[in-house]
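When the chains are written out, they are named A, B, C, D, E and F in that same order, and each has its own residue count from 1.
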Amino acid sequence: MNEEEIKKRTQETAGKLFGRGIQMKPPYFLWKDFNKDLANDFSKFITGNLYSRTVLSLPERQMVACAMLAALRARDELRLHVNAALNVGCDRHKLAETFFQLAPYGGMPAVNEALEVYKAVLQERGEWPIR
Amino acid sequence: MNEEEIKKRTQETAGKLFGRGIQMKPPYFLWKDFNKDLANDFSKFITGNLYSRTVLSLPERQMVACAMLAALRARDELRLHVNAALNVGCDRHKLAETFFQLAPYGGMPAVNEALEVYKAVLQERGEWPIR
Amino acid sequence: MNEEEIKKRTQETAGKLFGRGIQMKPPYFLWKDFNKDLANDFSKFITGNLYSRTVLSLPERQMVACAMLAALRARDELRLHVNAALNVGCDRHKLAETFFQLAPYGGMPAVNEALEVYKAVLQERGEWPIR
Amino acid sequence: MNEEEIKKRTQETAGKLFGRGIQMKPPYFLWKDFNKDLANDFSKFITGNLYSRTVLSLPERQMVACAMLAALRARDELRLHVNAALNVGCDRHKLAETFFQLAPYGGMPAVNEALEVYKAVLQERGEWPIR
Amino acid sequence: MNEEEIKKRTQETAGKLFGRGIQMKPPYFLWKDFNKDLANDFSKFITGNLYSRTVLSLPERQMVACAMLAALRARDELRLHVNAALNVGCDRHKLAETFFQLAPYGGMPAVNEALEVYKAVLQERGEWPIR
Amino acid sequence: MNEEEIKKRTQETAGKLFGRGIQMKPPYFLWKDFNKDLANDFSKFITGNLYSRTVLSLPERQMVACAMLAALRARDELRLHVNAALNVGCDRHKLAETFFQLAPYGGMPAVNEALEVYKAVLQERGEWPIR
């Protein structure tokens, strides 16, 4: 894949993930504040390269990404990716169940953080409650 | 659901998850070494109750469980659940892709630990290489 | 222990732990927002079952719970359990000493977070300063 | 407290904590391999200063130390301090209960690691099983 | 080194690190709120003793301290030490590069937190942008 | 920079970092076991791209990398990068001091793991003791 194709795929994938839903500023802009070259390198590597692979479908990829970010208690990043998960069509009940499933592995503080973030994103999207 | 049903479901679910594949001793036996009541309580709560819910199918549940355990760098528990994931039919390429997907969130040390564990489990099951 | 007894014990123990002190909304309500069955299962398992055991007295249990939550840097949960510790009669100087004791194991960022949370809870309860 | 007193207290406290039980080499010797001055500074600060305070009794201090180390999944250090806890008279059932109490906060991988370490220490001391 | 010298060195080193730049209240004051003796012990040990060693120059020490605090996602402490790093003359581009270098080890959530903290400190110091 | 240049730089930088010292198999080979394309992508991104930047010199980069890996308690990766640090000329006393400097931030369990790894690498290289 050449440079032009990676750039195009980066933009397409970023659009699908982050183009709708909550108000947010993806980390790309923070990276660019410090270093434009690195910002582009990271963006192309993560979004253009890794996220554009098709072994996992985008909804499958977002399910495991949200699971990981919840486990890592990475609140801000989880907010971004919970919104992206909803954008690419993840099932809303399955996402909640995933966060409950974290209980025996990451403990309740991690579960609670994830559910709080998830609820706030759903509210901002006007999709709350899910039941 | 009454006591008898939970007990039955605990055993059925445990059988599906841990009944085949690698040599291992599920943590239940360690819990029982210390306290039989608590061991049964934990087992019924986690396996009988949480794991038996059907919002996520067992393969879907194992995908997110493996993602979380890899993120938490919980090596021993990951070994157990990677084997369980294969037992309930998770796609072997998707599981590998999930661990690579951890790179931007949990970092390469976590990715490397997960791939090592996964490779060792596949070897012990006689299913290596996957390509 | 039958269902009715567990339910009763859950409410009694929750009352002792969370019935007084700071303004807060225990995580139970967040869980219930997503799933009433799971909320009850978690609550009965943690509060009704684990927390009602008498091998550790409630003050002893809260001392180790606060120690763990401080180590895990679980700020919100620590706030809840520091208040509960004071409700069940933990010694205020021993609690402070416990957080200083975290220094050689969890590092000063964890110590500082715990002391900040503890000070804010004491202030909200009108019990500050403790010296 | 002058230098001579701190040195004496460091040795006395270290003796009570680490003088009996399992075969082990406290980290002091590793520190000394790299830098004798720093090794003495750390030892005097942690053991002579912090551990010699009496706000918490030694058994109370070891209970919260073990709780923290289990939460941090600091296996080697936990081994050292579980042995020290037993040396200063901590109740063996309360220690096991403490590790089960970690379940809702740190998750089962942390619980399992702690129980494994604890069981191995008890076995090496010839004090297994505890029931 | 006697008591008087350590006290003097503690004050000198603290002045170099924290005497300028952002508005902040070093953790020393929080420690003192709880226990004056321990506050002085911690301060003398960390700032007077460890930070005053010359094997690493102060700028070198702050580079590795910032690297560690970013990896540990210790936001408040990082804010303090990023400011200190700038006070003792660390190169602003090297500090940004250090946080990008965290990507393959600690993951992007840690990188993003560090860059956010760093940008806010630079803004408060009137030194933004650095390019 | 075109593909050919990145590939060349990846090999040159990898040679400087990992070409001498301890027996080891860099993670690249593990990645390749699962997926050759991803292995090359990761390697080019991390080693060819990030590690080849000159804002930090290679010894400066290895100092902060070792600081981070020690903080993250990433034992295997630290082993690799401590060896690389020595290969590119990091000062051996400064590296030890960096690990002691982790004490107030990451706690002694992290310090002890780092010193153990460092000592083992120095022994395998025939460069022990360093004093």
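Criterion: a contact is a pair of C-beta atoms (placed from the backbone, for glycine too) under 8 Å apart; a residue touches a chain by one contact, two chains touch by 3 or more.
Source: prediction; values computed, not measured.
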item	value
Contact-graph separation of chain D and chain F, given in steps at minimum	1
Same or different residue numbers at the chain A/chain C copy interface, by half rule	different
Intercentroid distance (Cα basis), chain E paired with chain C, Å	31
Whole-Å gap separating chain E and chain F, where each centre is the average of the chain's CA atoms	24
CA centroid of chain B to CA centroid of chain C, Å	30
Chain F: positions in contact with at least two other chains	38, 46, 50, 69, 72, 74, 77, 96-97, 100, 103-109
Chain A-touching residues of chain B, taken from the complex the two chains share	46, 50, 53, 55-56, 60-61, 63-65, 67-72, 74, 77, 93-94, 96-98, 100-106
Chain E - residues contacting chain C, complex	27, 30-31, 33-35, 38, 42, 46, 69, 72, 74, 76-77
Of all residues in chain B, those that touch chain C in their complex	38, 41, 45, 49-50, 53
Chain F residues touching chain C - in the complex, by the definition given at the top	103-110
Contacting residues of chain B [partner chain F, same complex]	96-97, 99-100, 103, 107-109, 111-113, 115-116, 118-119, 129-131
